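Chain naming follows the written order as A, B, C and D, and within any one chain the residues start at number 1.
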Amino acid sequence: MNKIVDYAGIKPLLKDGMTMMIGGFLGCGTPEGLIDLIIELELKELTIIGNDTSFVDRGIGRLVANGNVKQVIVSHIGTNPESGKRMTEGTMAVELSPQGTLIERIRAGGSGLGGVITPTGVGTIVEEGKNKILLAGREYLIEMPLRADVALVYASTADTFGNCYYRGTTKNFNPIIALAADTVIVEAETVVAAGEINPEVIMTPGVLVDYVVKGEY
Amino acid sequence: MAVDANRAKEIIAKRIAMELKDGQLVNLGIGLPTLVANYIPDGVNVVLQSENGMVGMGPTPEEGKEDKYITNAGGQLVTIQPIGAFFDTAMSFSLIRGGHVDVTVLGALEVDQEGNLSNWIIPGKLVPGMGGAMDLVTGAKKVIVAMQHTAKGELKIKKRCELPLTAKGQVDMIVSELGVMAVTAEGLVLKEIHRDTTVEEVISLTEAELIIDDNIKVMEI
Amino acid sequence: MAVDANRAKEIIAKRIAMELKDGQLVNLGIGLPTLVANYIPDGVNVVLQSENGMVGMGPTPEEGKEDKYITNAGGQLVTIQPIGAFFDTAMSFSLIRGGHVDVTVLGALEVDQEGNLSNWIIPGKLVPGMGGAMDLVTGAKKVIVAMQHTAKGELKIKKRCELPLTAKGQVDMIVSELGVMAVTAEGLVLKEIHRDTTVEEVISLTEAELIIDDNIKVMEI
Amino acid sequence: MNKIVDYAGIKPLLKDGMTMMIGGFLGCGTPEGLIDLIIELELKELTIIGNDTSFVDRGIGRLVANGNVKQVIVSHIGTNPESGKRMTEGTMAVELSPQGTLIERIRAGGSGLGGVITPTGVGTIVEEGKNKILLAGREYLIEMPLRADVALVYASTADTFGNCYYRGTTKNFNPIIALAADTVIVEAETVVAAGEINPEVIMTPGVLVDYVVKGEY
C-alpha cells in the first residue's frame, strides 16, 4: 500500500468550509507546502485548529493573513497582529483554549473519550458555558473533544506506508492531530521505503495516515 | 527607590534564581522570567522545560550550530542538554498539569493578595491568549510571579484582580524589585525588601493589604 | 451437520478472513480469532494490532530468532513487520477506543440478537477479567464474533445474553461453522449458511429469533 | 545528579501496605529484580496496580502467589490461577478495570486530570457505582484517576539521570506509571551515562525518576 502522492494529488481533498487541524508550534513543525496549497486553492471559510496563529509570514499565520480562515481554535494569537485585527473587526472568530486543555481535547477526539476533566480554567472566564464537576473534592471543567475533517501533519521522515518520525520540537501537536481527523495528510521532509524507520521511534503509525507528500520546504 | 527597568528585572531575576533547588524541573515564562536562567547559582542544576515539547532546554545555539527544529515556547532557536528529552505537547502538559513541574515563573498584568493572577488578556485592548499559562499556574507545585512592582505608576499588586484571571488562588510568591511577598492563608506577607527601599515605600506602592513579616529580611542579592 | 471442533474453527476462521480488506487495521482475540490470520487471501494485506503495544504484528519467530521483548497480548513471542511500530498501552487504546481499528474478531460465551456480547466472566465460576475486550468491542468499527454455534449442546446465540455483558449492542456480525449472521436494526439476520447444513438446522440450534435473508447464500469457503 | 542505587538502596523505600504500580504485560517489561526484593522483604498488604497478574512464576504473579498482596487493580487475572483462588477464598480483593480505561486512569492520575470520560463499560456491570454522563448525545462513564505510592518501572536502558528507553513491547504500562507515583524506581537492563540515550527515543524523562537500579535479570 503506497500512500505517496504529489501536491496535485492533495488538491481534491481540501475544500472550502472544512475544519482542519494543522501541526506546529509558532510555525515549527508546520507543513508549509500544504499551507501554500491552501493559499493557491484560495480556500475560504476554514476552521483551523492548532496551537497558535504563528507569525504573519509563517504556518497558520499565513492563512489568517490571507483571509482563508473563518474561525480559529487555538491557545494563543499574540504573535500574529493579523489575528487580533480580524478578531476585533469581526471577520474571524477566535476560540481560545488553554494549551494543555486544547491538546487533550484533540487527544480525546482521536481516542474515543467523551471529554476532558481538567482543573485548568476553573474560576476564570474559560469556564463560561461549560459543565463543571466536583470529583474527589475538587472542581473541574468538562472540556469537549475536538475532531477535524482533515489533519495536516508535518513529519521529519515518513515512509511509504505513512509511519511518521518527528524530530526535535516538531512533535508538538503533530502526533496528536493525526489521531483526530477523518483524513490525515502528511507532508514529510524526507520520504523513505516502508520499514526504513526504526519501529521504536515511530510516533504516528501508518495505519492512521491516508496520504504522504514529499515536502518541498 | 528608583531604578530603571533593566536594573529592576536584574534584581527580580537574581532573587528568583535563589529559590531554585538542584534537580528541580522549572518552567520560565517568556520575557523577564527567562532572565532567571542567567543567575542560577553554581552547583544548582535545574532542568528547564519548554512547554512545546522539551525538558533539558539549553541556551541559544552558537552561530553556525542552529537547528531549526529545536525551538522554545517563544519560537526561538535553543539547544538541548545531555539530560534532555523531546516529546509531544500532550506529554508536556501531563508534566505541567500533573504537578511534575516544581517551579514556574511567570509575568503578571495584575496579581492579588488571594494569589489570583491575571496575565493573558486585557479585554478590548490586548488578547494574546493564555497559551500554556493557565495550565502552568494551575499545575506547577510552586508559582512565582516575576514583575516590576508598578507599571507606569499603576499599582499592579491588588486587593483583587480586576482583569480576567489566569488562575484562581494559585500564586505562591511574588518577587518585585522592591521585595518578596508570600501568599499565605492569612494574606499577603511581605517577607523581604530591597536594601534601597523601606517597608513604608513598599506599602505605599502596593494596593493589596500587606502583612509585614515579624522577621522581615533584606533581599540577599 | 456434524464437524469436530478443529474443522469448525477452520470454517469460521476462513470465512472471517474473507471479511478483511487490504490496508485494514485488525485486532484478533486470543484463541480461535487468532486462526483468522492463517486464511487471509493473497493480495490482502491487513495490519494486525496487538493491544499491549504494537501494530504490524508478524508471525511466531523462527527458532533462534526469538526476541523476548516482542510479545503479543497473549504473552507469546511474535515478530514485527517492516510497516510496524511499537508504542505504549495508552496509545494502543487511543487506536482502539478512537475507532482506528477497522475490525476486531473476538470469541464469545454468549451473544444475542441485539448485538450484546458476553465473553469475560461467568460469575462464581470463571473470572478471567475483560482485559482489552470491552474497549475493543466498544471502539472497533466492525465487531465480528467468532464462535462455534453451540457449546456442549448449549445454545450460545441467545435472545438475550444472561451472563454479564462485555458491551451493549456493539456486535455487527456472528460467524459460526453453520452460518453468518448480521446484527441489524430489524434483528439478527441469517445471511449465509454452510453447504452441509440447512436453514431449519440453524434455526433449531439458535435461541435468538433469526430473520432469514431473502438472498441467503451458501458460505463461500 | 546521580540516581543510581543498588538493590540494598531500594529496600528502605518499600513498605508494608503500600500501593504500587508495576509495569509489564503478562510479565513482559516487569522489573523482576524489584519483585524479588519485595519477596525477600516479605512485604505485606500491598495494593498492586498493573495490567494483569501475569503467571504464577512471573512478575506480579509471583507476588500474588507469595501472599504479598491485599488487593489488585488490573484488567485480567485469567493467566494466574492463584489470583482466582485467592479472590474466591476472600484473601485478596480484585478490582477489574477494562485495559483502556485502566491505562487512562493511571494517565489521568499522573497528568492532573480529574477523571476519564469513556464509553467503555456503559451498559455492563463495570458501570456499577460510577457516575454516568451524557455528552453530545452519548452516554459515558466517569472513571476515577489512579495514583500510587511507588511505581516500579522496567526500562531497557536508563541513564544516570533517570531518562528511560523502552524497547519493543516492554513499553506497555511503564512510561505511564512513571507519571503517577510519588516515588518512581526504575530497574534498567542497561545503565548508561546521562546523555547517551538519544533524546528522541526517551519516553520517560529523568525528571520523573527518583532511583535507577541496574537490573540483574
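Just so it is clear, contacts are C-beta pairs under 8 Å (C-beta built on N, C-alpha and C of every residue); 3 or more make two chains touch, one makes a residue touch a chain.
Because the structure is a prediction, the values reported are computed rather than measured.
Mean C-alpha position of chain B lies 35 Å from that of chain D. The distance from the centre of chain B to the centre of chain C, each centre being the mean of the chain's C-alpha atoms, comes to 55 Å.
Chain centres here are Cα means. That of chain A falls 32 Å from that of chain D. Along chain A, residues 104, 107, 112-113, 118-119, 167-168, 200, 203 each make contact with two or more other chains.
Those residues of chain C in touch with two or more other chains are numbered 80, 86-87, 93, 96-97, 138-139.
If the chains shown are joined wherever they touch, the resulting network has some other arrangement, not a path, ring, star or complete graph.
Under the contact rule stated at the top, the pairs of chains that touch are A-B, A-C, A-D, B-D, C-D.
Residue ranges of chain B in contact with chain D, taken from their complex: 22-23, 25, 45, 47, 55-56, 80-87, 93-100, 138-139. Contact residues on chain A toward chain D in their complex (touch as defined above): 104, 108, 112-119, 133, 135-136, 138, 140, 142, 144, 165, 167-168, 200-201.
Those residues of chain D that touch chain B in the shared complex are 1, 107, 110-113, 159, 161, 163, 179-180, 194-195, 199-200, 202-203, 205-208.
Contacts from chain C toward chain D in the complex involve residues 50-54, 67-75, 80, 86-90, 92-93, 96-97, 126-135, 138-139, 164-169. Contact residues on chain D toward chain C in their complex (touch as defined above): 25-29, 51-52, 55, 74-79, 84, 87, 94, 96, 98-101, 103-104, 107, 118-126, 156, 166-176, 203.
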